[in-house]
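Following this message is one structure expressed as structure tokens.
Labels for the chains are A, B, C and D, by order of writing; each one numbers its residues from 1.
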Amino acid sequence: MPEDLSDLRYQIALANRLLTNEGVLDAFGHVSMRHPTDPGRYLLSRSRSPGVIEADDILEFTLDSEPVAPPTVQLYAERVIHGCIYQARPEVTAVCHHHAPAVMPFCIAGVPIVPVFHLGAAGGETMPFWNQRDDFGDTNLLVVKPEEGRSLARALGSHAAVLMNNHGATVVGRDLRELVSRSIFMCHNAEYQLRAQILGKVTTLTAGETRLAGTINAMATVTNRTWEYWTLRLDKAGGMPSPVAVKSKARSKTGSKARPRAASVTAAPSRTTPSRGRKGKKRQTRGRAR
Amino acid sequence: MPEDLSDLRYQIALANRLLTNEGVLDAFGHVSMRHPTDPGRYLLSRSRSPGVIEADDILEFTLDSEPVAPPTVQLYAERVIHGCIYQARPEVTAVCHHHAPAVMPFCIAGVPIVPVFHLGAAGGETMPFWNQRDDFGDTNLLVVKPEEGRSLARALGSHAAVLMNNHGATVVGRDLRELVSRSIFMCHNAEYQLRAQILGKVTTLTAGETRLAGTINAMATVTNRTWEYWTLRLDKAGGMPSPVAVKSKARSKTGSKARPRAASVTAAPSRTTPSRGRKGKKRQTRGRAR
Amino acid sequence: MPEDLSDLRYQIALANRLLTNEGVLDAFGHVSMRHPTDPGRYLLSRSRSPGVIEADDILEFTLDSEPVAPPTVQLYAERVIHGCIYQARPEVTAVCHHHAPAVMPFCIAGVPIVPVFHLGAAGGETMPFWNQRDDFGDTNLLVVKPEEGRSLARALGSHAAVLMNNHGATVVGRDLRELVSRSIFMCHNAEYQLRAQILGKVTTLTAGETRLAGTINAMATVTNRTWEYWTLRLDKAGGMPSPVAVKSKARSKTGSKARPRAASVTAAPSRTTPSRGRKGKKRQTRGRAR
Amino acid sequence: MPEDLSDLRYQIALANRLLTNEGVLDAFGHVSMRHPTDPGRYLLSRSRSPGVIEADDILEFTLDSEPVAPPTVQLYAERVIHGCIYQARPEVTAVCHHHAPAVMPFCIAGVPIVPVFHLGAAGGETMPFWNQRDDFGDTNLLVVKPEEGRSLARALGSHAAVLMNNHGATVVGRDLRELVSRSIFMCHNAEYQLRAQILGKVTTLTAGETRLAGTINAMATVTNRTWEYWTLRLDKAGGMPSPVAVKSKARSKTGSKARPRAASVTAAPSRTTPSRGRKGKKRQTRGRAR
């Protein structure tokens, strides 16, 4: 993998860790990203818990979910989820598969998650269900075969997310930050919806409100602010990925103009940086927060 | 901005962070304060997550929510909430807009929050709803236009807080400490109310109890004690704003006599104070706690 | 106050902090203890949040809740709760008044907390309600007047705890450790009971089971083990009171034989002990845990 | 006890702490393991809170739950749970008894926990109830007598876990990692099931799905990954057991090939390792995570 993907691989590791720290991912689940210059490939970690992924763990796959380089490590069994969605949805550049506690009750009850507050509009007006049982009968519920991945992608259709019965959810985004923001607010939305139902009534946004609020939520001003906020929370929790060396040329290629200082600063130090103890990290956080 | 607002700006940053640490604010939401000597102006942070606001971020606005100095930074889109309420409610000196998880289910279900325990009386006997849809049809639910802010202020009327359908809440106070206390106990009240409903019956305080308990809750002995308590929790969580230099003359103007030691100590060190590492902060906390 | 109460005052401060760390107390609530040699007096902190109380804050009161020494600090308004119960219940040596989130829904719904698991038996078979409104009409719900305290004590009767409508609860114990254990397990019991009700059915212990399990729960082997466990959790959270000097003679008077090492070690260091930084405390914890 | 059990005793202490850190155990509950070379014995801690158990605390018992060496410390009263199950279930090599908050509402309501998501299949299709009252009338609910232990083992039958009315649960596994994984996912499953019921409908896995997903869940690739993940969380929380010296010969006997690096690294340092301060531990975690 050429050096100029270093920052991107760092961002993918970071996205996995942000979503773990916010309670969307745990020992399982994964976040991928489409290759920035080759739309026929995508980037995904080797098989490990998302909260401990490092930039070095991110590997390259074809859209058939075959590793580009012969693998020397274990791979996620469910990577066809990512490949099949990238095949079916050309505009999608980031995918997250998760089993968030907030979402699971809906996947078990078969109750649709509907937009109940402005930030929840990020998930769109409706969210389809996919029941693996319908097409494949009794399985272990993992999405492993290409035909299972394709069936899931068909159920997703043009939506922002698909709920998987008795399993979890898969969310898509036009970039990593929209994906992370959408995944987290989808969980908040689900929590509020369940509690509103306890109170007796679930009032949803109108179609117009969902469209208008959804548009705002997808703007970089929003997704950058939330990305910075969740990064600070992750840093305070001591969960940041190890920093990687980034060539300036590389960064201008893969970096987004909207990237807040947090990411740049973190990615900047070379691997030869001396030990970052707790104290050092704290100071860095403070500097960033100014 | 004259130097003598330093301590006040520190207190506003602190209020934002206290409310974040107690789960009222998150990546969004904001706290403002009316200018202490010019009632036609108010103080509010530049646009950033409330948990990371520093005293330096606090800017001055007219009641039309225009920045007094030409802004070099991004501003909150929803600042008309603050300006319009300061226009409509001369006795109000502090405003908080939030989307607290405890309150959202009520905003979604359209169920009123009612006082169910003595500290919940801080929110008053009734809390009106404001549905942006009623006056403005489909919007992105953000309160951005002056007429939207005025409509919200009208719905608030003379109450302590207004619930905004599918959006959140806006709370007011006669000072920063009452505001913070009221916002947090409103969330506790909402949590207990929802759980009491699960148990089958929600018994509210009587009108007389709400008035009497509300009066006690607003006393400085109560709001100072809770302010100190939440400050200690924030400090332990490593979330205090950076200390600011305060001139003694300035402090005698803006400070309240009832201010507990916590705030004074924290605000005292000058900017030239050497690095406050974790260890240093801990020692300071202990000293304060004695 | 004679020096030989130092350890006891430390234990009372510790009890207040343990209950804060376990979510029973917050900015409010208090724990008292009857004077070990003068049953006509009791020990209670000056007015401050229970999570920050130090041994030095513990003052002596008559059973009429008057301070024995002229006070130079603010006192809890609700101390008659303690005095009136010590008057009415000679065998009680420890009292806790709290507004625990787990218990509040029951106080609001007027639903009795019943023993639903073996450790919950510590609260006894039934727990009476006391509604301040019944005897005193509209109040601010604080228990401030002697007649209010006496009315509460009458409602408590011979029970382990009394639920106070729209306010909180008051719990009693034969010693500090039983009190702490009972207060915490009463909250766990309430949480489980509410969730069992969501599932559809609340099965209680039989009267015989409650008596038998309650007896076990009150044994020193149980209350010492839980005291040690909660102390370790508090220590890990950085919340221990400052250590106090204890004379060996004093300790043999006030100490219980069953006291685990944790308490002894913590209370032992004199005030001249050099700075206990985070690192030092950690090492001490480890030593204790062996 | 011969030196070659050092690593195993460390793993048992670790399992107790992992389950405490994940909210399955608290001040009470215990994890045991069958002796690796003598199936007529099992290993269990002396009586103390599971979150503070060290390798040195692990003692050896006969299947009649008698200590092999004369005890100098207090023993768990309920150890017959372990002995009676090892007698009845030759293939079981690990047992956990707990009172997890997630499971208690089901034990109180008498509502069966059923598999509602793929990882919940680890608990099997059905989970029997055992009501101590049925065979023994009113008790203190502790399982102390051999006949009580045998009655419980009979109720467990060939299942993965048994729910104990108004008390808790007992879970079994073919190895320590399966046991830990099953115990934790049983709690997640219970949480989701309760919330799905709030939403209105609990859809379970089919018998075929439960069998297929259960098989995957029991594979070492899954239980090692979750073990590594929960170990990293425990380490970050500062809760790891003290390291023990392990002879290389001993480790090849008791160690499993699938053991991830985390365990090996942690167990490796000898007792002469210098002070592991917070900083040192952090560095070790990072090294392991790579």
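Basically, a residue touches a chain if its C-beta (ideal position, glycine included) is under 8 Å from a C-beta of that chain, and two chains touch if they have at least 3 such contacts.
These figures come from a predicted structure and were not determined experimentally.
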* Asked: Which is it for copies chain B and chain C: same residues on both faces, with over half shared, or different residues?
  -> different
* Where the CA atoms of chain B average out and where those of chain D average out, how many Å apart are those spots? -> 46
* Asked: Hey, how far is the Cα centre of chain A from the one of chain B, in Å?
  -> 32
* What positions in chain C touch 2 or more of the other chains? -> 197-198, 278
* **Contacting chain pairs - touch in the sense defined above** => A-B, A-D, B-C, C-D
* To do: Report the residues of chain B in contact with chain C in the complex, numbered from low to high.
  => 116-119, 188, 191-193, 195-206, 208-209, 212-213, 215-216, 221, 225-226, 228-230, 232, 236, 278-279, 282-283, 286, 289-290
* **Contacting residues of chain C [partner chain B, same complex]** => 26-28, 47-49, 51-52, 54, 56, 74, 99, 101, 104-111, 133, 137-142, 165-168, 194, 197-198, 238-239, 242, 275, 277-278
